[in-house]
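Shared between the two complexes below is chain A, which pairs with chain B and chain C, respectively.
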Partner chain A sequence: MTELQAGQGAQPLEVARIDARPQRHRDLLIALIAFVVLALLPVLFGSKQLLDFVIRCAAYGLFATSLNLLVGYTGLISFGHGMFFGLGAYSFGLMMQKTGVPIPVAFFATLAMTFVVAVVIGAICVRLKEIYFAFVTLAFQMLIHSTILSWQSLTGGDQGLRGGIPRPPFLGIDLSNHLHLYVASCALLVIGLFLMRQIAQSPFGYTLRMIRDNATRASFIGIDVWRAKLAIFVLAALFAATGGMIMALFVSGAYPEFAYWTMSGEGIFINMLGGVTTFLGPMVGTMLFLILNDTVTRVTEYHGIVLGIVILFFAIGLRKGLMDFVVEWFAQRRSEERG
Partner chain B sequence: MTRTRKPGISRRSTLALMGAGAMTFSAPWVARAQAKTIKIGMPTILSGRVAQLGTSSRNAVMLEVEKVNAAGGLAGRQIEMVIRDSKGQPQEAARIARELVNTDGCEMLLDGEASSGSFAVHEVARDLGVLCIHTCSEASSLTADPKQHIPNAFRCVRQGIHDSIVGASYAAGIAKAKGLKKWATCSPDYAYGRDTTGEFVLYLKKFAPDVEIISESWPKLFQPDYTEVVTKILQAKPQAMYSCLWGGDLTSYIDQANIYALFTQMEVFAVNMADYTALTVVKNLPKGIHSGDRYIKTFPPTPENAAWGDAYKAKYNEYPTNWSWQNATAVMFLNEAVKKAGSTDGKKVAEALTGLTIKCPFGADGTVTMRADDHTLVGYAIGWGTTIPQEPYVPDVKAGDWKTIFELEAEWKKSKGYT
Partner chain C sequence: MLEIRGLSKSFGGVKATDNVSLDFADGSLTAVIGPNGAGKSTFFNLITGALRPDAGQILLNGVDMAGKTPPEIVRNGIGRAFQVASIFPSLTVEETMLAAVCADQRRAGVTHRRFPLAETRDRAEHAMELLGLASKRNRTAATLSHGDQKLLDIALALVLDPKVLLLDEPTAGMGTEERWRMIDKVRELWEKQKITVVFIEHDMDIVFKIAPEIVVLCYGRILATGAPDAIRRNEAVIEAYLGSDDHAGAVA
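And then the complex of A and B:
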C-alpha cells in the first residue's frame, strides 16, 4: 500500500499555494449545496429507509474519512481507529444518561474527552512506524474494548448502554424526532467533511503528505514529525468520535461492538473500496459499503463470501479504490480528447 | 467536431443507473400498501459463530407459522415472515428492525437477537411503538429492570435468574447428601457468565450454608484452549464445580477436560449441558454431569413435547435447540393473543398478551404465562438431571418448583432495586 501511495500521492503537490483561498470558497459552496440537497431528500422521497441510510452514512462516513487522514494522507495505517468511534458513542451516551446536560454540552464534552484520550494514546503510538504503529493502535483498541466489557457497573458490559439515550430538545431541535436527527446528522457530516477538507488542503495537510512520502526529509527541513503526526492522530480521533455520537443517537445506545477491532476493520475495508488518494474516496466507499451490506444481507446469509469477492476484485482486479479508478479514468479520457 | 463514442459508461446509462438506485429506495415504500397477509419481521443472527441461534430459531418459527397459516392465519390474515441476518452486530440489528417496520411493512417484530442486539431492538420498539417479542435474550435486566419496561415489548425466553434458583436448590440437595463443601466455578467472562454464576453461588450458599468457593476461573468467551483453566481447577482439588459455559465453549471445555479425567474427580454442574447442540457434539460425553434443561424432548415428559421434538427433527433433520422452543412459544402466544383480541392491531394484541396463559408443550404444567407486571415468560418447564452418553442423554429430569422461583425472584428484584 505504501508504494501505491508514494506513486500517486505526488500528484496533488502540483497545486499552487496561491489557489488556496478561491478553493476554500469553492469547498464552502459545495458543502452548502450538498447540505441543501441532503436536507431536501426527505421532501423528495418519503422513504424512511433512505433517511436511516443517510444517517448511517454520516456516522460511517466521518469515521472512514477521518481514518483516511491517517492512512491516505499521513501513511499511518491505524488498526485501532474504531476505539474513538466507540469512545464517542459511550461518553456521549453516558453523559446524556447520567448527567442530563444539554446535548451540545455533552457533544463538546465528549470531544474534549476524546481529545485527552487521543493525546495520551497518540503520544505513545505515533513514535512507532508501519506495522508497529498498526499493532500498538490495535492493542489500545482491545484495551478500551476490554475496559468497556469489564466495567459493567458503568458501561453495562457486553449488553451495552441500556434504557435509551435521553434527548432533551435544545434550540428548537428535538433529536428524538427522526427528521430532526436526520438533518442534524447531515449537518455534522457536511461540517465534518468541510473541516477535514480544509485540514487536508492546508499547509499542515501538505506537511502530512510529505511525512508520508519521506519522513526523514521532512524532519531535515525542520518539521517536528512527531508533533505533526500526533496532531493529525488527535484530529482524526475527534471526527471519529463525532461519527460514534451520530451512531449512538441512531441506535439510542452504545455497544461494545462499536469499539471492537471489526469496526476498525470495516473502516479499512471502506477505504479500500472507495480509495485513499482522493478526499471523497472514503465517502464513496462508505456508500458503496453500506449499499452492499444492506442489499447482500437481504438476499443471503452468506454475505461474507460476497463481500470477500468484492474486496478481492478491488484489491487484485482494480488494484485501487473506486474513486481512484474513476478519477484516473476521467483524466485518461480528457487527455485522449485533447490528444 | 465529430465525437466518437468512448468506451465505458455513457451519460445516459449513468442517469438510468441513478434512476434505478432511487427506485430501489422508494419501491419497497410503494409495496407497503396494505396486503391481506400480515408481515412479521425478525432480525436474528444467521452467520458467524452463533449462527445456530438464528437458524434453529427460524426453523421453529416457520414450523409454527405453517400451522397457524394452515388453520387460517392471524385473524384471517396469512403470516409472512421476513427474517434477516444482523451478524450479531447491535447497530445492524437496530437498522434491520427499523427497515423491517418502516420499509417492508412488518406489523410485528420477533426479536431473535442475543445480548446487546436485543437491547438495540428494544430501543427500536420503544421508538416506533411496534409490538415486539424478544425470543432469544436471556439477560434478566431486559424485563426485570423497570427502566426497560415499555407496553409493546414482551420476552418469551427463559431467564438466568430462574435457572440459578432452580440449579442452586438442586445442587444444594446433592451437596448436602454427598457432603460437597469445596466448590469451584468456571464460567465465561462476560455479563451473562458473571451474573448467572454470581446468582447461582448466592442461592447455593443460601440453601447449603457450609459451601465454600475455593477457585474461580473466568475463561474468555470463545476461548479455544482451556488447558490452563482445567489444570487450575484440578490443582485446587474441589469436590464440585459449577459452569455456565455454553455451546461450542462448553463442548471444547469438556473435550479438553476429559483428557485430564476431570469428570471422575469431582461432581460437575453445567447448567447449559442438556441442549442437543452440546450433547450431540461432545466426543465422549461423560456420565453423570448435572445439567439444567435447555431443550430436551423428554422433559417435560409429555407426549406433546416429544411429538413437537420429533416433528422438528423430521422436518429439519436435527434436534431443536433451547432457542427453538422459545421461538415456537412466541408464535403460539401471538396466535392466541390475536384470537383473544380479535384483531391484529399491535396495541390490542399487546393488551391481550399481558398476563395471557396459553396451552403449550413446553409448560411445566402444560401451560405457560406471559406475566403481566414485567411482560416476561413464566411457568415454562425448568429442571435439572444427570447425563448419560447416549440418547435420551438426560433420562430423568427433576422439575424445579415455580413457587420457590417466584419467591426468590421477588427478593432478588428487590435487592437489585427493581421493585
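And then the complex of A and C:
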C-alpha cells in the first residue's frame, strides 16, 4: 500500500452512510448547470483570453482527470499517460489533414485508434506493478515520441503538424469560429467529466478502489484484477485522447511536446496540486497549473524554479493536494462540531 | 466435499507440501496444526490458487481446482481469510461488503449504474449482522480494531457464500479474551452457515476445544489426522509439535 493510500485509510473519521438513491441525476444536473455557466461566460465577459484559458482547461482537465482514474482510483502511477494525449492530437490532426473526413468521423476514428493502441500497450503494462508499471508506460511514451520525431514525412518531425488542421463545418458547427470551438470544448469537457464521474461512482469504480487498496484481496473475492486494470487503462486513454483532440483544434496543429514525457509529468503535477482523493481535484489542479504557468512565464524565464517550489510546498508542506486539504479540513470541522 | 489428492509443492529443494491427501466432508470443521514451517499456509495457498501446485488434485465436488486462478476458485466456492487481516483500508465496512457482493454477482465491471446496487444490500447486511459489524458499517476499515479487521476479513470471505471457508490463523495477534470471542464466532458461523470450515491455529486450547477433526502437518507431510483425543495422545505429534502431553487434560 502506498503512503497515499495509507493516509486515506488512516483517516479517523466516520464517512457518511452510503445513500442508496441514485445520484446520477444530481450529477447530470450539476453538469448541465456547469455547461450553461461556461457557455454564458463569453456573453458575460467576452475576453478572448478567458475563453482560451477555458479551452486549455478543457484539454488539460480531461487529461489530468483521466490520469487520476489511474493514479487516485486504481493506484496505477502512469508516467506515460501523455502518450495518449499526443496520440489523440496527432491522429485527429493527421486524419483531418490527409483524409478530409468530417470532424465527427475523425473524432470517433481517433478514439477507435486510441482504443486499439491502449489495449495493446495496456495489456503489457498492467501486468506490472508500481515502479515497473510506471517505467514501462514511460518507455512506451518515449517510443511514441521517438516515432513522431523520426517519421518526418507523416508527422512533420520536431516541427509538428504544419499548415493548420482543416475544420470544415458540420451540423451547423464551425470549429474555425473561436466561439464555436469554445462551446464545443466546454461540451466535451462537461460530457467527459460526467462520464468519468459515472465510472468513478459505479460498481466498477469501487472495484478500482479495492484494487488500489489491496489487489491481492480483490482477486480473492473473485475480481479479475488484470482485466479491470486494463479496462480503466483503456478508458483513461480515451479521455486523454479527447483532451489531445481539443488541444489540436485549439492550436490548429500537433507538436511532439504533446507526447513527450513532460506532458505526463505535468499531468502528475496537476494531480499533486489539485489532489487525487476528490473527483474534481485534478480539475482544480488544472486551473491552478495553467494560472501559475501563465503568470510565472510572464514574470520570469525561470518558471521551472517557481513551479518546483510550488510542488515542494504541496508535497512537503501540505502533503496533499489543495482539494484534499479543503475536504479534509471541512470533514475535521464537521466531526469537531459533532463532538 | 473437498478432496485433496497427492498435493505437492516445492520451493527450490524444499518440499513445502509433500504428497498431501485429505478429505474434508461437507459441513465439517477441521483444524490444521503444525510447527512453524510445516506448510500450513502453503497448503491454503495451494487450495485457493495463490500458488500453483507441482502435482496433485484439489477436487471440490468432483471439479479439479488445481491450476485455476484465485478468482476462478472463489467463484467455485472456496473462500479464505488471511493470517494478517487482508482488507480494503479506505473503504467503509458497508462499502467493502457491498462491493464484495457486486464482485460475487459478476457486477464488478458495471459502469452504467451507481454503487451500491440495490440487489447487493441484503447479502451485505446479512454478513455484517452475522459478524457483528453492522454497528460499525460507516467506519473505514483502517480505523477498526485489530479484532474487527479480522472479522471483516472473514466477513469478506463469508459474504461470497462459499461452500468451503479457509481461515488462516483467525486469532493471530489477539489477546486471550479477544481470541476466545473470535473462535466462538467461528464456531457460531460454522453451526449457522453449515459450510465446511478449515482453520489454521496455534493455540492448542482453542483447537482441542472446538475442532472435531484435526490435521497435523509437519515438513509438508501429514503427520496425523483424527479427533482431538487421538491427536493429543499421538506420540509423533507430541514429539514433533506439542512437546509434552500437557494438553491431554487441558481442555475437556
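FYI, the second predicted complex is superposed on the first by the 321 of 339 C-alpha atoms of A that agree within 3 Å, B and C clash if a C-alpha of one lies under 4 Å from a C-alpha of the other, contacts with A are read in each partner's own complex, and residues count from 1 in each chain.
By our rule, a contact is a pair of C-beta atoms (placed from the backbone, for glycine too) under 8 Å apart; a residue touches a chain by one contact, two chains touch by 3 or more.
These numbers were taken from a predicted model, which means no experiment stands behind them.
Asker: Using the superposition on chain A described above, determine whether A:Thr207 touches chain B (first), chain C (second), both, or neither.
Answerer: In the superposed model, A:Thr207 contacts chain C only, not chain B.
Asker: So, does A:Glu328 touch the first partner chain B, the second partner chain C, both, or neither?
Answerer: After superposing on A, A:Glu328 lies clear of both chain B and chain C.
Asker: Scan A:Thr216 for contacts with chain B and chain C and give back first, second, both or neither.
Answerer: After superposition on chain A, A:Thr216 lies in contact with chain C alone.
Asker: Could you tell me if A:Ile199 is touching chain B, chain C, both of them or neither one (first, second, both, neither)?
Answerer: Once the two structures are laid over each other on A, A:Ile199 reaches chain C alone.
Asker: Applying the touch criterion given at the start, work out whether A:Asp174 contacts chain B, chain C, both or neither, answering first, second, both or neither.
Answerer: neither
Asker: Need the overlap of the two footprints on chain A, from chain B and from chain C, as residue ranges.
Answerer: none
Asker: Help me check something: in the complex, which residues belonging to chain A touch chain B?
Answerer: 45-50, 52-53, 56, 149-150, 152, 156-160, 162-164, 176, 247, 250-253, 255-258, 293-295, 297-298, 301-304, 329, 333, 336
Asker: Would you tell me which residues of chain B are touching chain A in their complex?
Answerer: 6, 8, 22, 24-26, 28-29, 46-47, 51, 54, 84-85, 87, 89-92, 94-96, 98-99, 102-103, 115-116, 119-120, 123, 126-127, 139, 141, 145, 147-148, 189-192, 194
Asker: Spell out the residues on chain A that touch chain C in their complex, using ranges where they run on.
Answerer: 1, 5-6, 8-18, 20, 22-24, 198-199, 201-207, 209-210, 212-214, 216-224, 227-228, 231
Asker: Of all residues in chain C, which touch chain A in the complex?
Answerer: Touching chain A from chain C are residues 48, 50, 69-71, 74-75, 79-80, 82, 86-92, 94-95, 98-100, 102-104, 107-118, 121, 137-143, 156-157, 160.
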